[in-house]
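When the chains are written out, they are named A, B and C in that same order, and each has its own residue count from 1.
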């Protein structure tokens, strides 16, 4: 098992390497020199600092040396310095990362809970009004842009009804007991996580429904019923367990999209994660930060993908045979 | 009484005039049409026929596991130990399945849940009908695996189905079926998907288990070798109906229905060996949607005559303990009787 | 040929939802084409009092925004941007995807390995973050947005094309072509591609829907081309006024949703019509 884990993690390395190279290419595609890109609009006027930067980025050297330097610095987790936050890019991103992780985890949780439940319901009540309603809902949430859904939910539940805060992650100036803080964050989390999660819930519901119907026809389900198991137990212990496998695969494939989606949702709800950071950095043309987010975001997705693969390994014993 | 005769004791299962229909877009098809059968404790009944004749649907109808849609019981009764299973609620039926009546299926490789360890699947069956702790259930599972002759039973509990061969899987299926000491076991082509040598072992195992427990056994098969080896009585089905029923020796000695004769090959007394398959009978089984007037077998029958095309033969006791629905057989027997009388 | 088309149309029409989708798509296309005649003057010009609600003034059926611009006019023009970017991005993605997938499958070996790794790479990079990075580095122009969206959406097409090519590569008719001495490129694009195309077309039509969503997100964040109206941008502009005039966000959002919905339904219908084997799940 440990060997498999290590092997899977090693596969990430060339991937990240490629992301770094691509970053470099992107910078060179940009109008103006690398140096211009890396320092533009950061209001650096001190000539000594400019010199130092020139040296760090190796502007005066050939492209291959620049690439080598760039790769070397990224390998040491040196993603550059952000003058806007006055801190190394890596530190700033790490500081913002937990908020994004919380948002993503909550969204995945909601997507799985809502999507799987709806898919199972639709498959059990196949071709009834319930099935049709769920399918209709899935089609709608599959088409609604998450940011728009977020805004409409804000209008409804924050502005009109006042059930949830309009944005942010914490209420400012409230008592700081641990449980109180957690509840406060959860209260702020409901709307953004739902807005982000519903699209994926719609996907999961469609896939789960099809997958359930597919599995329900298999021989071992008949065996389970022949044992005298109740309908509920057959569905939970036998049909669902197998029908979940495509969902896990799908989840792995969609993590990248989800991290992208969280950028927009964070912008809508002023959620202080790397999405807001990216948005701010793009707006202020803070390129070291933008590229840093791209690299670390890719790394995050790659690691999550590996985790999902390993999870799949646990869920489907047949894979291990390979 | 046109029902096949039963030897001695009261039957544990008696099917009376069972009707199963397939509700398709093309209309309602009579897949099982007026079938009556009985099985007694310790007895083995073989149901024989080509695919599509309704034998598997009969088994599933007894278990109330018909795929619905399209199949549904539309008439008749399935009396098991005095209760009509066809009239039980789903909840009551769940207490019968796996406990009083068990079933094993054709393809053991797909009949076990691929993502659950076989031990857990066994334990699930045990705990469903017995109030025992997980630990006790585990011990029983080990014991069951030993009874079906799985070596290294303790370790095998943690295996997944894909780690087992077809024969092993079928043994697990059998262990699961006998877990709660059923009074009736239905085996739907239990050896068809297995290698010939494994087939023999599985048949041997089922005979052994039956003799030690006095359970009734219904075995559904194509394989006349299996029939010859295990069955006490044989019911032959064609196009949804029972066309002949007889004790096994008598049937092999002298098949009455022309279809049975076709199945057994040209010479009625030919030696049957294990693994010999049904001999191809010329022509095709008529579609259920398109049954001819008269006997369903008429277009393939070598001895067909006018009456077979005009009138549908009913099951009749033509000889002691046996019945057939065949005008040609009736004619032949009356000719024999006349010859003896003369 | 005509018989084939009639057969195709009949199968498509059997899916009621697909017909509704097709109708909606035609409406959106119609609006996009008619916009300049319908609203002959610049849609970004201020026409009246700000924040008039929809269905209040007959002159501005969908109301006016915070600056007093006609929402109906902007939505109509937004359809042009959205459809144009969606179509072009999907076309870009399809061309990249088919090229990568076909080459990988036909050449095989290390080329296949390399291209599949590349596909994996583009699947790993968080796509919207990548789009924003490209747009912010290259500049906020409609061409760059289109290319960026195309660049992040080609991977499923490449995988599908590869799978289709793999299964067709060893068929008799391809071997016959090879025996006749036909060149690789001619076999790939002249013989295999037409046979592999139906499922790819279905996926491309679904990619349009995805591209529309991407474009709207980029425009919503204010990174779209500032010189053209787009639905995402309208939502972004209206966001600050959700307390008083939430309809400014609602109208273009509904437009996006209905368009994407319609495109998805058409995609499903195409799937039914072009891949009859796959239909009965």
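In this section, a contact is a pair of C-beta atoms (placed from the backbone, for glycine too) under 8 Å apart; a residue touches a chain by one contact, two chains touch by 3 or more.
Fair warning: this is a prediction, and the values are worked out from it, not measured in the lab.
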Chain pair with the greatest number of C-beta contact pairs: A-C
Farthest-lying chain, centroid of Cα atoms versus that of chain C: B
Centroid spacing, where centroids are CA-atom means, of chain B and chain C in whole angstrom: 57
Cα-centroid distance, chain A relative to chain C, in whole angstrom: 22
Residues of chain A defined as touching chain C within the complex: 14-15, 18-19, 22, 26-27, 29-31, 37, 139-140, 142-145, 147-148, 151-152, 154-155, 159, 210, 213-214, 253, 256-257, 259-261, 263-264, 267-268, 278-279, 282-283, 285, 287, 290-291, 293-294, 297-298, 301-302, 305
Residue ranges of chain B in contact with chain A within the complex: 63, 65, 90-91, 94-99, 102-103, 105, 107, 110-117, 124-125, 128-129, 160, 162-163, 173, 176
Residues of chain C touching chain A in the complex: 117-118, 120-121, 123-139, 209, 213, 216-217, 220-223, 232, 235, 239, 242-243, 246, 249-250, 253, 256-258, 260-261, 264-265, 281
For the chain A and chain B complex, residues of the former touching the latter: 218-220, 222-231, 237-238, 241-242, 245, 315-318, 321
